[in-house]
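Have a look at these structures, which come just after this line.
Across the two complexes that follow, chain A remains constant while its partner is chain B and subsequently chain C.
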Partner chain A sequence: MFCEKATELVRELHRAPEGQLPAFNEDGLRQVLEEMKALYEQNQSDVNEAKSGGRSDLIPTIKFRHCSLLRNRRCTVAYLYDRLLRIRALRWEYGSILPNALRFHMSAEEMEWFNNYKKSLATYMRSLGGREGLDITQDMKPPKSLYIEVRCLKDYGEFEVDDGTSVLLKKNSQHFLPRWKCEQLIRQGVLEHILS
Partner chain B sequence: MENALQSIGSFLPVRFLVSEKMTEEPDFLGQDSDGGSEEVVLTPAELIERLEQAWMNEKFAPELLESKPEIVECVMEQLEHMEENVRRAKREDLKVSIHQMEMERIRYVLSSYLRCRLMKIEKFFPHVLEKEKTRRDGEPSSLSPEELAFTREFMANTETYLKNVALKHMPPNLQKVDLFRAVPKPDLDSYVFLRVRERQENILVEPDTDEQGDYVIDLEKGSQHLIRYKTIAPLVASGAVQLI
Partner chain C sequence: MSEAYFRVESGALGSEENFLSLDDILMSHEKLPVRMETAMPRLGAFFLERSGGAETDNAVPQGLALLPRLECSGVIWLTVVLTSQAQVILPSQPPAWLRLQGSKLELPLWLAKGLFDNKRRILSVELPKIYQEGWRTVFSADANVVDLHKIGPHFYGFGSQLLHFDSPENADISQSLLQTFIGRFRRIMDSSQNAYNEDTSALVARLDEMERGLFQTGQKGLNDFQCWEKGQASQITVSTLVQNYKKRKFTDMED
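The block that comes next holds the complex of A and B.
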């Protein structure tokens, strides 16, 4: 049946939970585009036959193929657009630099889209207010307290705090640090907020 | 909070540039003879209140609301000012900590407000751009110039991507996708909670079902309602109601 591959693409994304980005199904996309090409060529020849040969009985078939073409296109665009939305969410979740595992799941064009999006967002954020702008990817939750207890999950190295003192973030060490400095590291999984 | 903001150093009352549209508020203004832009002096507390109102409205409204660049600019200025003061103050822990907390809270509200706007812009980008294109001169814009640039870049980026990855490989008669039709519009019929700040009379309400006719209601000051957004959209813009 037509459009099966396209539906499969959509179903693949539907199955992936929110926030997860499965690998780019290059093969699947190629198959859908090939099917579309074949359908179109069949339609072209049938349209010519119908016009010149007067075979109006071909018209329902032509219409049916056209519907399949439209459906294929809709599924394809939906697949690609949904992936873009997931990639966009990654910028807000992980920051500018994506973990390697995720990068392998993206196609080269998706990477380009991501870089353009990052640039756009950065330009916008820098334009806020008078001086250096405002990083609105920080402060995602209402602040409960100034300082928080964190435990280090991975070796990170030296980390500088406001008044110039630096802290050595070694695995399993615990620190009492300003909340806003830790937010990014918590999101990246380097630090863990200890709720006592 | 007003005391906290004013106790550290000298707090600048905020000079707020008010556009012609806002000249309905009688408390602040001395009437200018030519009715042009007025400068209104707001205390920092009032500024933060306006920020919070804009923030809540933006959160609960289904569509992108009017942009408030003055509020954003003034709040950023205040934050910078506070930061300066904190840096200069001695390390008397308690006062400094309280101000830092206040700064973090304000920064959170401002960031959340701007994030909410960006999310709506990205969600409805073709419609946002269309609305801006068909806006008449003198009508307030829903986009600041920077947001407009961002939206245009987002649209171009997405269109180019779709074209290069899929559309240009498709049959010639299918290569154009009208994003304006493909991307869903904001649902203006969704219901919102609101509190009335200024008494309104004779609001025409269109009912859901065909059996009921149109009817007219009055909104009393201080009352709270659950109503379709479309009915009261202009009241949100004018500040007569507050979404909650």
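The block that comes next holds the complex of A and C.
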């Protein structure tokens, strides 16, 4: 049966728990494209034979191969598109800079797409809210106060606050910091938001 | 669940599947019985099928051949049954596999849909057992006791797409699908809204994929509400995506 490899690609992505990006299956994709090429060439020769040799009994076979080609195409496009959706989610959840482990999971084209997406988002954000722009990746939950209490979960180092003072983020130290500075770090798991 | 990842939803319950939906692709991979109405020459290597069920064993290598489940009244293709350790021994020139009229096969839904047409020139579709009269009476008797995950993990989606094949029983099938869902829905809603912070595997074991999605949505709603009640709705949390990646890195290091 044709299209087994393509279905396997889709299954692999479906199996990854919600939103996680598995490694780019370069090999699998290459095999699917090879299968498509073989099917296409067989169909080409059969179509010529059917037209010139009058063999209309080949038509069901041609249709069969054509269905397989369409199916392969659908599977690969869906695979690539779903990966892009997951990479897009990374920008919103992780921030602009991705950890190396994740970068190895992406192909070169996906990395380029990520960079372009970042740029588009940044341009858009700059165009909002007057001269300085508006960071819409902040304040994902409605804020209740300007300053928040945070506890450090791991050693991060020096952290500079707006008025120039810097804070040393050591494990288990608690600080009272402006919300907009810490939000990114909290989402990345460096700090922990403490409710009073 | 990742808050920023919005996958393409399944369209199988509507008139058409969604092209990009992974769920729909997996659903349309399931097989249904068909009857070939014409021969298909030159598809000699066609029956490289896996042993066992269609949904297991993605690790089985491509070159595994098995006796096809055919009742063909003509050329008998003596295939070689192999284990995964051996190499495929196909003749260098596979004989033309003539699919004679009347032979019955199981084809995936996507293939059946592609080859089907109103005049039934290439194939005609039979209904799978679970959508036929016998099982329909079972569903109408009590829909709750049936293990929908076992008899076909995409019961509703597959059934809805079956309606494309213009069977005379279409009206009954669609009624049956609807009534089955109505019968089961109450219990799903109830269990999803009341199972907080506990192991739900027993509750979802007998649900099909669509119902499981429904259950998960219900659970998410419940968890969000509880979080709000506890006053944690304004607490900035670690993104779940980040948490999962951290956990994975840990296990990678342990390997």
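The definition used in the following text is that the second predicted complex is superposed on the first by the 192 of 196 C-alpha atoms of A that agree within 3 Å, B and C clash if a C-alpha of one lies under 4 Å from a C-alpha of the other, contacts with A are read in each partner's own complex, and residues count from 1 in each chain.
Convention: a contact is a pair of C-beta atoms (placed from the backbone, for glycine too) under 8 Å apart; a residue touches a chain by one contact, two chains touch by 3 or more.
Note that the structure is predicted; figures quoted are calculated from it, not measured.
Once chain A of one complex is fitted onto chain A of the other, the partner contacts of A:Gly189 are limited to chain C, with no touch recorded for chain B. Of the two partner chains placed by superposition, only chain B is touched by A:Asn116; chain C is not. Shared-chain residue A:Leu58: touches chain C; no touch with chain B.
In the superposed model, A:Arg88 makes contact with both chain B and chain C. In the superposition on chain A, contact is made by A:Ser107 with chain B only, not with chain C. Set side by side, chain B and chain C differ in how many residues of chain A they touch, and the one touching more is C. Of the two partner chains placed around the shared chain by superposition, chain C is the only one that A:Glu18 touches, whereas chain B remains out of contact. Of the two partner chains, chain B and chain C are each touched by A:Val77.
Comparing the two interfaces of chain A, the one with chain B and the one with chain C have residues 70, 77, 81, 88, 140-143 in common. Interface of chain B with chain A (complex): residues 72-73, 76-77, 79-80, 97, 100-101, 104-105, 107-108, 110-112, 114-115, 118, 122, 146-147, 149-150, 153-154, 157-158, 161-162, 164-167, 169-171, 174, 177, 182.
Remark: chain A residues 1, 4-5, 7-8, 10-11, 13-14, 17-20, 42, 46, 57-58, 60-61, 63-64, 66-68, 70-71, 74-75, 77-78, 81-82, 85-86, 88-90, 92-94, 99, 101-102, 140-144, 148, 182-183, 186-189, 192-193, 195 touch chain C in the complex.
For chain C in complex with chain A, the residues that touch the partner chain are 1-8, 19-23, 25-26, 29, 38-43, 46-49, 58, 62, 108, 110-111, 114-115, 121-122, 231-246, 248-249, 252.
Within the complex formed with chain B, the chain A residues making contact are 29, 33, 36-37, 40, 69-70, 73, 76-77, 80-81, 84, 88, 107, 109-110, 112-113, 116-117, 120-121, 123-124, 127-131, 134, 136, 138-143, 145-146, 179-180.
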